[in-house]
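Got a structure for you, questions after.
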């Protein structure tokens, strides 16, 4: 089946700093791909680059984006506008901030349909019901400040999905929410993506969320993909030292309490500190001179996974 | 909403009372007008006689109490110099002042706000720099100089506009531009800041992710949100436009209350000065109240509060 | 972040040049700015006499305009800088107190701010100058004491905001008293927005002094300020254009630079901290 | 109130139309520096108000262009004793409402202005009059406290108002709708903006030269000049000599000037500080190059003055020359007095010519005296100048006018011991001016004044600088000869094609 | 048993609400922290856990109830007493960016408690600051630098060093790791566990993250809408949660293990948290509780012992 979205060798720069370097992945209809990494790893700007909504200071220096097989990298802005919210949509981390405080729920959703609210009221009400908002007839005329965070995120999802896009980019959609609400939203996303055959790129830093919902995972570190592969395999047997350490550093409900957690020493290099070699080399227990000198390519690990580590085979 | 208004009115009353008191005492500290009124050769007795007749020989506190008493009876008193009711003297100037302030506001809003929005949307571009230089120029020249240059150029050399006075719409143009130029740059800078502020918010990105163009996002979402701080500044500025126009009114012979106030200060015509200041501060306070109401109209969060 | 564009560099350079010129005026001015020569009145720029050249011409009492403009920079900048310092210090102090103690302190202070703001600044200045007389010191006092509410508003809003931050709570728990918290913890962190207000006020004060000069209440003769040179020169706009054009250009460029600098500064301190 | 706002707004906004000035030659538009304070001639008498209401009223007597006191409402007058004077009045004068001007109106006018309850600021000019009575069908008789030689000069400024109208309207309303017997009738008065007068068709001295006259309030001189240049106004006043330099060549304009009855002078305070020493005062007199100030700064417009009075006033003497310009002598005197580098505080206000002050400062600096200015606004200036010697400081500029054109109105208040202006005290001077005050004989008075001026010169109580010039700018076609008393008597103007 | 470091009895904190009704942020909470013990306080946003921690350190005044630190009553104490007690209780905040004054050097920040209380100055102060920095894994020369020169994890270490300066008896940690990245989080958790063990200091650990709480705490209290619903030793709570809310919370935590996570029964809690200015009658959890009965809607459940736990649920027995 043709992937709904393909990103190839995407590179982004801020001034001279190489913020995102040759990032590539693809998502099939109905599939959830988790783009996971710590803050500053470039996962959010990647999503913005796909939508072509980069801040003016950022610029795309290479690569292309294919939406349903069509290269949209060079599309004029007008054509991009036609795609945004129609063929591909996006939801955000802070649902309350992502809604205009002075516009009603209905206005937002109708805007995604590009029609006045009075023309599409029924359709909007139906969508609100579908994203699990009780009493849609009342909620449709309310303002964001009258809704809870969870409800705002449901409204955002309604906005994003009402035009039945092929691709949904979800940028940390549950980070700002409480765990019980997070569970609700994740369930909702999973259900709608499956029903509507929407390809979802889920950007998150939470390995728990990834384990819960993602079909496949792409782990990012300092602007590059560290490894990609099916969720179960990544968690069971990481093929990159970063993934491995990351998983080991998370306290789990099954660990021994007060045990010493694995630690990734040091800190993420800033774009100004990026050297010629592997960007994880400075913190990696396996790093040697090769790692510091050359950029490890993404290699096929034969089990449907790719890893950007010279020493992938040495991992247990 | 009602409670908010009531609270504001109470604050306004306190502020007005403060204004009255400050102006009353500062004016009295500056001496009384008796010597200005008498002929130069008047003797000490003659001066004292007139001073007593005008009531300036009483203790300050007594004069203050008398003034407050008159005010409570809504009696603004009679001008010492013009021998006419102060209400009329100030009242006759108010239409001119409002016309000038209105014209200046039109200039300031009409140019300043669009310029500010353009500057924000084109941040870092050539257009922003050009507009910045333009709007800041308005705030970088002393009016008494730019005013006479305007008069000489448009009035004398080109002969397009009347050189002075307040007898036609044409004569409003130059003073309104000269006065509006100052406020224009304030508006432009404020509009730029608040639009920039709003543009950096998530809902703008979200709106663009729904397929809105930058301008559509600005016009549908940003402007209303950005209007709130601009409304505040506009309300503050109107007070300045009313009586801060002293120099513009002097240069263009525009008979507004600013000119009246300065002349009355120089003539120590106390009641006129006090009434002008009272009027200006009332308008200022009223404008702030209006701004509060405007927020409520714009912002459902405030409207929702009881 | 720390980068300074070439345009900004030029502006900063000009600002420094103005300050240096003002400070060095007694040494770099070619003539005594007060020395009259009734026979050399209103000579155009470039007029040469035995003592040297009147590079910018002479004024209506035959004094060298260049020297007067240089000394005028001193007066104009000093008035603006000193009056801004006074109102900045006074306004900030009141704003800090109102924002920190809240309650009736805030009510009292913020109501006086309302009162002061509702009297047009120019009228208040003219009134106070009428009482005190227009000396250099009084001018600074009057400007300083009528403009403080602007700083108080900003300082108050900022203090309210900063006071809720955890590091203030940490200082409280450390046992620091109000004075220490205000001075060491709050003031340094609200200084940015206050400096933005101060820069725009600086430009305004230069114009304000000029306006008062026009009304006869500015820096007093024979000492020059840009405003007083211009308000005299205004009478000669057509006959001796240099009298207004040179000080006017200086004033324009300085105020423009200060304002551009202020805008730049404003963009660097959090824009969200403004006007709310 | 609301209605007047609306009307004002309409006038301000809606009357977009051609400038009024060039309409017809039936009109005259005058730009004055300010608006009329009161139309009621018995209240304010500032130059602006006087310029306007002067055209609406007739006075008991007036001055011709040469300054001589001549009949107007009165046809003749005679002293019956040194304190009683009888006036015969014209009987053919009517007010503009058609009623006759009667002796009762004259008496009413005098009583009105001298009534303390009326609080007229002009009271002190008329308070020597203790009685006014109708003594015949066309006759009134005035009595003064003591022999009062300046009475006629003061009466030049007394406008005759219609008793019936004033009593009917009340003072406040009369001020709004004044009515007199003069050549013009008040048509409209927009406070702060303009007042418009219309010719009085039945004026007893003949037809007025313009159908309508508009006086506009334009505070800024640069703007007033622009108005006349563009024809928006026909005449304006208050130019400085420098203003005329670039206007003299304009073909459509003319600069008119006249020496006024004001003497610009420097007051010296003999009661305090370094100026207590007569040698320092003399040094100041010698140090000031009055001719240079007049020629270079004032472009020759004013006339040098040697005594504190102008030729236009009674009491002027031409044979008391002032100390000549002699900086060497001045330096020597300063040295002799041990006052080198002495600080001389100089009180001034924006009303006085800054350039003259600064020139004086430099001239005194050259002989070793350091002048420092103390600038205050005009009300404060007047208060301090009339206050204690310490408040009045060592020096100040003055431009005195009593508008009575008599030495008594000038040097008596300025220098007579006991006057609040005087910081100077000289018994011999006091005797001379006191005597002149109560003598009706002109020759005798002149002798007293010659004595007084000689004392003032010798004691250097003041440095007379020059007789001020009043400078007007008018359209070329306007014919008018300005008078020393700075009056704007429109009746004397006319258009010449 | 030794006297508790902190004893909270029937604590209530109400704030004035916009609409008139007070916001009952904390409404009758009782617990104690024993010396050397770490008590976890978990709950979702708005449940009042942060208000409890702020009340404990004296940043918000209690509306009702008692707070005893080392046996001394805090509510109604004199200024001087409060000043002294405050030295015994220090706090670590959630956001390492805003918990340090950006215009103050690290050394000045860490040394401030000692300086203003007159406990050290000059060279002694510098030495003490160096010691504290080393104790939290920083270098003494870091004292000269300013907060912006540090990463989030390092800043949190500085905040901890400052909190330790007065050698407090109780350390209140309000969400100390939730603003940190995953890999840094482990470093800070290790540091906190290490400090507990080395110093034997008691702490109150406030967090919304059950896995983190389980990792560092000895006992755990669960809050919902201003009240405690369960308080139990760590292992008991995680093994046999007695309150339906505790159970739901545990179920909602996504495990970073796809196999385990996907095998979990999915019983997401329906609905939203009610407003604390208008809490439901009876058991405040009844609006979302799958086991709620009529009794729950009427009657406030008592705070009672059950096995090793304290619980506030009418049906706690039937759940197990």
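Read from first to last, the chains carry the letters A, B, C, D and E; within each, the first residue is number 1.
Heads up, the rule we're going with is that contacts are C-beta pairs under 8 Å (C-beta built on N, C-alpha and C of every residue); 3 or more make two chains touch, one makes a residue touch a chain.
Because the structure is predicted, anything quoted here is derived from the model rather than measured.
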Minimum number of chain-to-chain touching steps separating chain B from chain D: 1
Chain whose Cα centroid lies at the greatest distance from that of chain A: D
Two chains sharing the most contacts, counting C-beta pairs only: B-D
Rounded Å distance, chain C centre to chain D centre (Cα mean): 42
Centre distance in Å when chain D and chain E are each reduced to the mean of their C-alpha atoms: 87
Whole-Å gap between the CA centroids of chain A and chain E: 31
Rounded Å distance, chain A centre to chain C centre (Cα mean): 51
In chain E, residues with contacts to at least two other chains: none
Multi-partner residues of chain C (each touching 2 or more other chains): 130, 215, 234, 237-238
Per-residue overlap in chain A, given as positions that touch at least 2 other chains: none
Complex contacts: residues of chain C adjacent to chain B: 7, 111-112, 114-115, 117-123, 126-128, 130-131, 203-204, 207, 210-211, 214-215, 227, 230-231, 234, 237-238, 244, 248, 251-252, 255-256, 259-260, 263, 266-267, 271-272, 274-276
Chain E-facing residues of chain A, complex: 38-39, 148, 150-151, 178-184, 186-187, 205-212, 231-232, 235-236, 245-247, 249-255, 257-264, 267-268
Chain C-facing residues of chain D, complex: 221-222, 240, 242-243, 245-246, 292-293, 296-297, 350, 354-355, 357-359, 361-362, 373-377, 379-380
Interfacial residue positions of chain D with respect to chain B in the complex: 1, 4-9, 11-17, 19-20, 31, 34-35, 37-38, 40, 43-45, 116-117, 119, 121-125, 127, 171-172, 175-176, 190-194, 216-220, 222-224, 226-227, 229-230, 232, 377-380, 382-383, 386, 400-403, 409-410, 412-413, 419-421
Complex contact set, residues of chain C against chain E: 165-167, 169-177, 180, 184-185, 188-189
